[in-house]
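Consider the two complexes below, in which subunit A is the common component and subunit B and subunit C are the respective partners.
Up next is the complex of A and B:
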């Protein structure tokens, strides 16, 4: 069981690297979808058995539906509808962002041991994976030019938060988790509308054009 | 002793066959019959019986290039054990020598290319060296991961008995390393996502362009050296991926040869299904390989 959990955590970090390196939006969306689907396995793999099974299964299914299926489909629909160019066009190049990502991962693994946690640690790789994924998401949000790629970065960031949430899932009632997933869904929905407006105003999704606004 | 001799013999005789298998796989995937499996041997034999032509602008460096290249790669082969028998040469820290023997071969190939005075070959040398400067850190990181995982500092111990227990304690890290090593193997041997060994189109050539001026036996040495190098990298990947320890040395040898066959088929398949990467994307792939091995190292250091 532990081997599988290890593998899931490591794959999540490898997908982080892939999201930083991939230059095509479609591939990046599929990678983030795969990451979301992998994350939905975590509550099941890490279940301690002392809590109701329905809770764990509901959490896993909710994450799979929202992160693995619904949001990627919406993103795919968005790039088709807005007819954006399929390349990512980063502000920070692919090689520097990969190196930054690697530095972040190394730091996350180095310092996560020193973090005081309110609950007993469920798995030694959980906290570093979560921190590394949050860092990757942050990098993607600030270093990409296209609104779609920034939304992807937000999703990766949220995936990192979700991993951390699994740590606390014994204490969290189902309603709170459902609320978090709904929030995420709403946030992506709102971003979709914003993207639509940016696209209609400037005939492109390049957010750099927003800073040229004058009143 | 007998096993060591057989191992050396296999290392010296099999590499062109490996190329033959790769070519056959590519031909089959493309729906062709393909050249005979032993065609690389025929090519070498034919080239060895031809005379060599030397341009008057070249110096001894040009003639030394192929010889030093082949000698360095063959010496590097002595450091690696392929099956059950121990490697011919083994001492603490020999993986550094291994990496730099390959570096020496590349250095002399590039020098020989520059010695012709052709701008075209100079360009090829520049490309080869700039990609190698990214592939070498990745190779070293992979070797460091191996050294850390097994606690040994010589190649034959790193890929020997300690590896089995390392796979059971830190399997995912070693898997990442094997993947990174495979990417490095493709890049170092100028296989498809990096360079196309078949083209003679100046825009895409990296390795082929450096050896355009060599002819006859010199060219045979270069082709043979390239085959040996592919075999060496394949052996690294296969030994790492096989992992577990065999009781009988003959079983180990057989498993190794089977693994090499699988390696050739995988390389052939990769070459059939992938297009060559744009030149600017190649460094990205190599940095990606380095990042994977850094991550493996981080996992091990925890």
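Up next is the complex of A and C:
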């Protein structure tokens, strides 16, 4: 069982790198969908006897539906509808982004090594994976020019936060768990609407055109 | 009672979304705001019982934030009657409904004692304001809404991670396993200190983004510049205070866990940085509303500074929170009137506002004097007590820098404001459809009177509330 869990964590980090390196939007969306689906396994894999089964199943199914299916479908719909060109167009090149990503993973391990968990450890890879994914997400948001790519970065960041949340699922009230999923859905939904308007206004989804406001 | 307070605006929001009549819809806003203000007055007279097993509770800082928000919202709702009547070209369904949802979410933030619920409510305020910024439906407002949404979503995601860190800190042996501020504070020493410190960093960055502290303020000039003046008033006078309240709650927990020194130093540093950055961008600023946005960055810096210094300065910070919230209402509503009367908001196109708009023009000047801390208005006294607290606490460097930044900002902002207000108006007095009317000039005038009143006389009960709020965070 533990071997499977290791594999999930490693795959999540590999997908982080794939998202940083990928130059095609469609592939990046599918990768992030796969990451979301993998994450939905975590609550089940890491469940201990103290869990209430209903919560575990709800969290896993919710994550699978929202992160693995609904949002990727919406993103795919957005790029088809807006006829986005398929390239990602990074501000920071692919190789420098990979290097920065690698630095992030190293820092994540150093950080979690320096901060001992106050709770019984669920899995040694959990905290570093979460922090590395959060870092990747931040990197994607600031280093990509296309609105869709930025939203993808935001999703990766939220995935990282979700991994950390699994650590707390023993005693976190349901409401907060639900809040996480709802927020993700709502944020992207609104972003989707905004993207649609950006497209209509500028006939493009390039946020570099959004640069009239400055000092 | 608290539940009624939080949920009643939603009822009016539902009404606003279903009403087909464009002209009557703003009345739902006025009704929702009036009922809310009335209920807030009732809670001030008779303290309400905690609701939802202690998750909702009205304490001293919550009372101050709720009172300011409700007052400001009511004034803006009156102003909206005049404003939306003049903007009959725009569909106001989303605007009116969204404002009411925002009021409900703001109320929940003010009374929430649970950090998870607090986070959810702040997230809702972000989501509801984005479409409101896009009210004018042009390319610039779209750009502003997109930046606002993206930057604030990132901030809010980091705040969630910080909240998780804090939950983890509470999960050690003997810890409270809870995110209720009361439980966390009473279990102080049993919290895991390294995780509390990490949580504070993430929460300061997250909620600091929402508050608009430098260097996380990048969305602010754009959003305030492009949003209608009415929304700018609510954002800069209400929503930023809520993020400040969130930081107050977190600081309360940090103090109990023994991390006061670290947290206080961070707050002082980020506060002074915000004031410095605002001073740089305010000198020579040509756009009225962007200037006000930088003024908001400055004042958020002052709040953070006062909170970090503690003691009398923390009490002054709570006073300043109320005073700044009300003055920002005056400034944004007056700036909105000027913007519409001139069809422009940059200094090269706007001059002689006092001639063109005999009420809003001078009001803008008075608001400027108040916000930069001139006597006898309320911000003068709140800034004085922050300065007093800094000197009595032995923070001479902070006090000196505080004064330097305030003077630079006074000169920089004054140059822009005087160019706008004085001189000859290009078209003479405004035509009736753009001129000051009771509904557009009356509300900021009433707010200005309130600011003057709070400068001349602060009720004893209110002073007690400032001290009570400050003593929660080590005042």
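Observations on the structure shown:
Here, the second predicted complex is superposed on the first by the 209 of 215 C-alpha atoms of A that agree within 3 Å, B and C clash if a C-alpha of one lies under 4 Å from a C-alpha of the other, contacts with A are read in each partner's own complex, and residues count from 1 in each chain.
As a convention for this text, a residue touches a chain if its C-beta (ideal position, glycine included) is under 8 Å from a C-beta of that chain, and two chains touch if they have at least 3 such contacts.
This one's a predicted model, so the numbers in the text were calculated from it and none came from an experiment.
Aligning the shared subunit A places subunit B and subunit C next to each other free of steric conflict. Shared-chain residue A:99: touches subunit B; no touch with subunit C.
One of subunit B and subunit C touches more residues of subunit A, and that partner is C. By the document's definition of touching, of the two partners only subunit C reaches A:158; subunit B does not. Judged by the touch definition given at the top, the superposed model places A:17 against subunit B, while subunit C stays out of reach. Contacts of A:69 after superposition: neither subunit B nor subunit C is touched.
By the touch criterion stated above, A:124 is placed in contact with subunit B alone, subunit C being left untouched. Once you line the two complexes up on chain A, you'll see the smallest CA to CA distance from subunit B to subunit C is 20 Å.
Looking at subunit A, you'll find no residue that touches subunit B in one structure and subunit C in the other. Those residues of subunit B whose C-beta lies close enough to touch subunit A in the complex are 171-172, 176, 281, 283-284, 287-288, 291-292, 294-295, 298-299, 301-302. Looking at the complex, you find that subunit A touches subunit C at residues 114-119, 134, 137-138, 141, 147, 150, 154, 157-158, 160-161, 164-165, 167-168, 170-173, 175-176, 179-180, 183, 186-187, 190-191, 193-194, 197-198, 201-202, 207, 210-213, 215.
Those residues of subunit C whose C-beta lies close enough to touch subunit A in the complex are 116-117, 119-120, 123, 127, 130-131, 134, 138-140, 142-147, 149-150, 153-154, 156-158, 160-161, 164, 167-169, 171-173, 175, 177-179, 192, 194-195, 198, 221-222, 225-226, 281, 285, 290. Interface residues of subunit A facing subunit B in the complex, by the touch rule stated above, are 3, 6-7, 10, 13-14, 17, 21, 23, 94-95, 98-99, 101-102, 105-106, 109-110, 113, 124, 128.
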